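So, here's a batch of structures to check.
Shared between the two complexes below is chain A, which pairs with chain B and chain C, respectively.
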Partner chain A sequence: MGSHTITSRTPGVFYHRPSPDADPYVTEGASVSEGDTVGLVEVMKTFHEVKADAAGTVSKFLVENEDEVTIGQDLVELET
Partner chain B sequence: MSLRSVLVANRGEIALRVVRACRELGIRSVAVYSDADASAAHVRHADDAVHIGKSSASKSYLNADAVLEAARSAGVDAVHPGYGFLSERPSFAAAVEEAGLTFVGPPSSVIATMGDKAAARAVARSADVPVVPGSDEVSSADYAVAAAEEVGYPVLVKASAGGGGRGIRPAASAGELRTVVVEAQREASSAFGSDKVYLERALQGPRHVEVQVLADTHGSVVHCFERECSLQRRRQKILEEAPAPGLSSELRSALCDAAVRLSSQVGYVGAGTVEFLVEGEEFFFIEMNTRIQVEHPVTEWITGLDLVAEQLRIAGGEPLSVAQDDIVRRGASIEFRVNAEDPDQDFLPSPGEVTGLELPGGPGVRVDTALMAGDVVPPFYDSLVAKLAVWAPTREQALARGRRALAEYRVEGLPTTIGLHRRLLDEPAVVDGTYDITTLETWLAGPS
Partner chain C sequence: MSIRVQDPGLETTVQDTGRLGYYSIGFPPSGALDSFAYHVGNALVGNEPGAAGLEAVYLGPTLEFTVDTVIAVTGADIPAFVDGQEIPLWESVAVSAGSVLSFGQLRGGARPYIAVAGGVDVPLYYGSRSTYTLVGIGGFEGRALRAGDELAIGSDARDPRAGRRVDASDVPVHPSTAEVHLLVGLHSYRLTEDSLARFTDTEWKVTPDANRVGYRFRGAELEFVPREQPFGAGSDPANVTDCGYPVGSVQVPGGVEPIVLLQDAVTGGGYATLGTVVSVDRDRLAQTKTGDRTRFVPVDLDGALEVRKDRLGALDRIRSALA
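Entry: the complex of A and B
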């Protein structure tokens, strides 16, 4: 068992869910495949999906919903 | 009772534009700012500034309560909303009114009416202003075919509950329409929870032409001629000009008269823009923007008016500074929107630090920007960072001046749309002024 961290490709605002009323993309403990969407980053009024770049189990969110994030910032920790 | 102090409820170049107008009129300006904008130009140049929240727009410039609290604490007598953010929210304008302050714009009821598509079309019809031909809701294929005879082919079948370009299907003939209506109803039902659809004439490459109006509280309504804004990508304007090239004088008069009629009909107050689609010698009202527009500088260049100063005078209860006959057009103006986006990467937003900056200057050149060298363009707001607007006696000279100014313009550290504008000014359709609302997207999708 190793761990892997998904980072943000752009600066902006991080969201756990596709829209305010929707369910979160993933929750802690969920298993994800490579390419699965795990969050959303809003940059300059456009939205970019955060994709898992490895398969594994979501062990921890490293940012809260609506947190401001920088480019390269750690977002989600996976157990691989 | 002219205004003494104004809260500028915006950021970036438009906040700075309003601060500048206030300074020239002897009005005290109070800026608002988020964490990310603590040292921004609009804050530095205003007389006072109030911090309203964290960096994300929803926690600062879109937070109506925080903005209102800033207005109260700063003791201003008016609020200028700029464009975007809270500028076209009737509830915000109403809250400003209820707080006993002046909203620099039309009454909240007018914002509400013109912000409702059906209500705005009804206003246009009652003012004898043409709208894009359309039908009421159609309930069956037979009814749709009958309605399409009135509307004229090709038609678009649109979901009543749709929006943002979703739920729209074209049909070129009665036979096609019969199939499309059934499909559209089924799709609308599953996508929007309502199977209501209606028909609208499908225009074939119209131009987007808009008319600037000014209306005071004493019943005067004037137009300040038109702007051509057809060069758009995903409904976002990128380059605008005035006057609109290729517009006959009859059509120009008809458009401007229609804009004044519509504004009078709805009881408009302030600066506003009536937007039309123009196809051949026909024109159709699409919507009214009840605020100052990004592209207002091209109108200021050709008329010599200061539209933001007029807004502030009107809000202070003063009559318009000009009568219709005093407003004359002179020369040609073109505006280039400089966005922090990478045209070579599908216009990917490109926030970041501006490491070097050289602005164009000289005759007939105006740059509206709040961006200075060393500033960081934050990722939280619109990508527009500057507007370059040029003026010259003729359109041909304005194009040459635009090329010259764009060649001087240098932004280092992040990609912008400056290079795109340089290329656009070599495009025959732009040089000839024959472009329409499909031109830019077709050109971007093409080879080269």
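Entry: the complex of A and C
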């Protein structure tokens, strides 16, 4: 078992859910495939989907919902 | 003779020097936010000044060229690749028909510019090829690029040639705290003396609301001098009677979160203007990103003209060296 960290490709505000009333894209313990959406980053009034760039199990979120993030910041840790 | 968009990036638009001359009827100029990077890109690929190029932000696009041509990437510090091989920035590079330009993760700055020999050939709209996305005019169908778009390349390149290179000492650096010069006024008298000093002493943080329309900052609260509001001004102490907003002007609605208006912004309104960022320093602002810091360094009119003269002089010198 290895681990992989999904990082942010843009600066902005991180969201766990597609909209305030919706369920989170993924929760800790969920398994994801490469290309699955795991969150959103809002910048310039647009939303950019954060995609898993590896398959695995979500072991930890490294940022809180609505945290401001920078380019390259660690967002989600996967067990691969 | 075209560029096929495989992936548009976050928001990639066709831009040139801008749609000048219509400000008085409410048309902002649009055009490349980092004018230096845009002009140098054209000089590198051997275009006449004013040829249209592409402006991206944070995420570079993935583009396929259907013809042998010459390109240059300037502006932000971002790894750029042709067919997977990294290419130098601030240098003209030959690409073959079928080649694909792609980008890695941004290292510094915010906006890469892509110049292509002959320019991006979209219809002129009111004298410019710049995209003004808010009302959907100019550029490619009035909008940011999408996957599958095919952009025509112009045929009037003056002297396309690979291997032209900008001297390393002329390549702008992108510090985490950008300094931009501010000509104080028109309504700086509306701020208390303390608040005006606080404005220029504060390292302001760029918020996620930072795009071609304007940049919003966070970092301090500012207070206005109490007064009975004049006829025609709103009740917010940040309000004045409506006036024209210079491009680059700074407003502070509610005394928090100052906004610098950029090339796609509204042309007038009723917020007190504390000052205006010197035009050539909008280039620096355009290369700051959400989370970066910015300081506004006050200058008087002579100082502002000097900054502009120096920067335009440097651009002329670089153009001559590349000719």
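To be clear about the criterion, the second predicted complex is superposed on the first by the 80 of 80 C-alpha atoms of A that agree within 3 Å, B and C clash if a C-alpha of one lies under 4 Å from a C-alpha of the other, contacts with A are read in each partner's own complex, and residues count from 1 in each chain.
Definition applied: contacts are C-beta pairs under 8 Å (C-beta built on N, C-alpha and C of every residue); 3 or more make two chains touch, one makes a residue touch a chain.
Please read all numbers here as calculations on a predicted model, not as lab measurements.
Applying the stated contact rule after C-alpha superposition, one finds that A:E68 touches each of chain B and chain C. Of the two partner chains placed by the overlay, neither chain B nor chain C lies in contact with A:E28.
Of the two partner chains placed by the overlay, neither chain B nor chain C lies in contact with A:E49.
Once the two complexes are laid over each other on the shared chain, residue contacts for A:R9 go to chain C alone; chain B is not touched.
If you count the residues of chain A touched by chain B and by chain C, you find the higher number for C.
Comparing the two interfaces of chain A, the one with chain B and the one with chain C have residues 10-13, 42-46, 68 in common. Chain C contributes residues 10-11, 57-59, 105-106, 208-211, 289-291 to its touches with chain A in the complex. Contact residues of chain A toward chain C in the complex are 9-13, 42-46, 48, 68, 70-72. Interface residues of chain A facing chain B in the complex, by the touch rule stated above, are 10-13, 42-46, 66, 68. Contact residues of chain B toward chain A in the complex are 54-56, 58-59, 340-341, 349, 351, 379-383.
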